[in-house]
Every structure is written in C-alpha cells, then in structure tokens.
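Please read through the structure below; I'll follow up with questions.
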Amino acid sequence: MSRSVIVTLRYWAAAKEAAGLAEEQLSAGTLADALNAARARHAERPSFAQVLGRCSYLIDGDPVGARDHASIRLDEGARIEVLPPFAGG
Amino acid sequence: MSRSVIVTLRYWAAAKEAAGLAEEQLSAGTLADALNAARARHAERPSFAQVLGRCSYLIDGDPVGARDHASIRLDEGARIEVLPPFAGG
Amino acid sequence: MTDISVEQAVRLLAIRDTPLSVDEVLAAIADPRIGGTCVFVGTVRDHDAGRGVNELGYDAHPNALKELRRVAEGVVAAHPGSVVAAVHRVGDLSVGEIAVVVGAAAPHRAEAFAACRQLIDDLKAEVPLWKHQRFADGSAEWVGAE
Amino acid sequence: MTDISVEQAVRLLAIRDTPLSVDEVLAAIADPRIGGTCVFVGTVRDHDAGRGVNELGYDAHPNALKELRRVAEGVVAAHPGSVVAAVHRVGDLSVGEIAVVVGAAAPHRAEAFAACRQLIDDLKAEVPLWKHQRFADGSAEWVGAE
C-alpha cells in the first residue's frame, strides 16, 4: 500500500443511508484504498457495498469520472464525496 | 355542361377577402363548373384564382378531399364552403 | 396506469374569444397517476419573416371544435394513458398574447412530450382556423394563403 | 432572432424548498420575439412500479445549482435563439405536488420542444439531486440506487 494519508469520506442520499452516517475519516493512499477501507468498516451493513458500486465520486469538488480508482493518489485531508446515481425531476 | 343547379359558395378567411364577399349563389353542374364560374365572376380580383388554387372544400359539410372536382355532381341548393390552408396555433 | 376511455382522457377543449390561461389547462389535466405534464403555449410574436407585427386576428370555422375533438381523441388513442387539453383563441390578439395552449400529461415525460407535440402539430394541420397578420407598416395578410 | 448571449438566454434557475409555480417559469421566459413556449412539469405520482406512493423527499448536493447552470447553458448553446428556465424543489413533497418545472421558449415550436426536452433530460442525468420515495406500505427507497 502506497503511503497513507487521512482523508474524509462524505456520503450523500442512499450512500449516507447505507453507511448509517454522513461523514467519516480513514487512512488510505489511493481512492481505491479508501473505498476498500470503507467497505471493510461497513461490512456488517449489507447494502453499503452494493450502493457504493453504483456511485460516482468527487475529490475536493472535482469529479473522478471514469479514471481508475487505484491510480488516484490522495492528498492529506482530501475530501471524497460519494454520490449515488442522480434522480432529479 | 351537365344539367345545372343553383348552389351557394361560402368563402372563409383569405378566400372571403379575395372574393370581396362571404357568400354568393351561382349555377353549376359539378364542383369544377362552380369554381370556374366563380373564377369568371371574380376575374377582376387578381388574388381570387390564386387563393382558390390553395383551398380545400366542403359540400354540405362533407370534405371533398382529393376527389376530382369535375366528377362531383352537385345537388340543388348545395352549400360549397371554400377553406384556405389552415393556420391555427 | 388504469385504462382511461378516450372520452375521459380528453379533459378540456375550447375555442373562445377571451384571454387564455395556462393554469386552466394544467388544472384540467392534473391527475395523481400523472408524473409528467408537457404544455405548449403559442403566443403572438412581434415579427414574422423580418416584418414587424402589430396584431393578429384568428377566425374559426364552425367545425373547428368538432375537428379539435377528433384530433385530441386521435392523440390519446396514439398515446394510451395520456390525458390532454387544448384551448385556442379567436378574435384580435396583440403581441405577447396567448393564441393557443395545449397540454398532455402521462405517467412519464416521454409520452407527455410526444402527445403534446402531436396535439399541436395535428391542431395546426387539421383544425379549420385562420391567422390574419397585421404588420407595423400597415399591410396585412392571411398566413399560409399566399 | 437577434443574438442573445448564453447568460441572457438563461432567465431563471432555482433550487428551493418552497412550492414551485409554473407561472414563474412562464413569466421568466416570456419575450415578444417568442412564438412557442414549451414547459415540462414533473409532479409526484401516487404510485411507482405498482407500489402506492405517499410522499417524496428530494435532496440536493451543494453543486446542484452550479450543475443546473452548466446544463441550461448547454441547452441554449445547442438551440440558438431559445431562452430557458428551470426550478427544482427540495424537501418533502406530497402526491400531486410539483417537483420540477423547466421551460424553453423559441421563435418556433420545434426548437421550444427540443430545448425543453434536452433541459429536463440533462437535468435528470447531470444535476446531483436524489429522490427518496416513501411507500404506502411504510417502506421507502432512494430511487435509482438499488
């Protein structure tokens, strides 16, 4: 695992419900590490991994888009937002 | 000319304006005769024939549609309505 | 969507010479089973093909309302589950005034848009209404009769 | 149609937790150069996929208004001469309440319909908003997250 930093995960809508909380901090090197850590932490909540699999992500406000999560190195204090599929209108 | 009957022509919108009147009576055997007679009667009004060429017709409320005008024999007192292209909305 | 008969699905049809209201059409097609409502509003523009327009006059043939009903029933038949309404103005209208409001509501937006578009398209093509444009330069013409 | 800048063509954008009004959107896009106005209204339906719905809750991400502006500017860029408006509701809504109103006006109806349809489609696809459905049987779910 590349060197780790403390990052914040901010969950929205269905992700917040599945996580049972709006925000949490954890240690990770890449975005993939952070999501794996979150899955491990919420392993007892069945729908968490399932919802996470459908989410898109922002890091400090910028969309991650289709980039490979394992290739995205996180900065100290990065803010990762977890967005379920949009359902407006 | 097949036997003639007295029919009424009722003009609408642009046709009424081109004819300079809403309604007139004339003698005709078929729809084609009636329209020819009307053209002759309003020969001095330049736009009349031009507008007539763009109109659709009802005879006693029934649309003439694409039927050949010369083949439509008129009944005594038939009411022929002259409808310019529709422009609602 | 429970089946609505064609008659029930046509909620409001009117041709009148008093100002039109979008709210009236919206209220007519409001329905708890409805998720999407599409409304088209035709208003008098201040120009046409580069010429300034002052006013518009609409005439209707006595068959107009009957034809509008036939068009509306055709739309709901083509879009099962949709409900529709259409009101058209006759008489003299100034710039900005509403000439026509058509609305269609359906469980989902795709049907609402499709039904609304067909309603205004078929109204224009099949309902005996005529538009007399009065230009700023004092001239006037019946639209579509040139 | 004289050129309107993209900014001017986006007349009204709002995300708010108070009841929405179609009239507000119509007024925002009224324009004497306009002949056709298309409005789409999304309302809370009393059922979804056969299940009775009691209430709907909408959440918005803080970026939502910024994204809505990007979407609206994309629509007017794709439909020169059109003017648009969009208002979306957040908070708890009962059956029949208005969740979204989008409107597009243009010289002719084809552009008005196309711009309005793109506006609601892109809003749904690109603006971070979420819908929480509360069913008559007491269960609830976030739409699209299953």
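Points to keep in mind about this one:
Going in written order, the chains are labelled A, B, C and D, and every chain counts its residues from 1.
Following the convention adopted for this analysis, a residue touches a chain if its C-beta (ideal position, glycine included) is under 8 Å from a C-beta of that chain, and two chains touch if they have at least 3 such contacts.
If you're wondering where the values come from, they're calculated on a predicted model, not measured in any experiment.
Once the centre of each chain is set as its mean CA position, chain B and chain C turn out to be 29 Å apart.
Taking each chain's centre as the average of its CA atoms, chain A and chain B sit 76 Å apart. For the pair chain C and chain D, the distance between C-alpha centroids works out to 22 Å. Under the contact definition stated at the top, the residues of chain D that touch 2 or more other chains are 42, 109, 120.
In chain B, the residues that reach two or more other chains under the touch definition are 89. Taken as a graph of touching chains, this assembly is arranged as a line, each chain contacting the next along an open chain of partners. A list of each chain pair in contact follows: A-D, B-C, C-D. The touching residues of chain C, when paired with chain B in their complex, are 42, 58-59, 61, 63-64, 88, 99-100, 120, 123-132, 142-145. On the chain B side of its complex with chain C, the touching residues are 12-15, 17, 51, 54, 58, 61, 81, 83-89.
If you check the complex, the residues on chain D that touch chain C are 22-23, 26, 30, 32-47, 95-96, 107, 109, 112-113, 116-117, 120.
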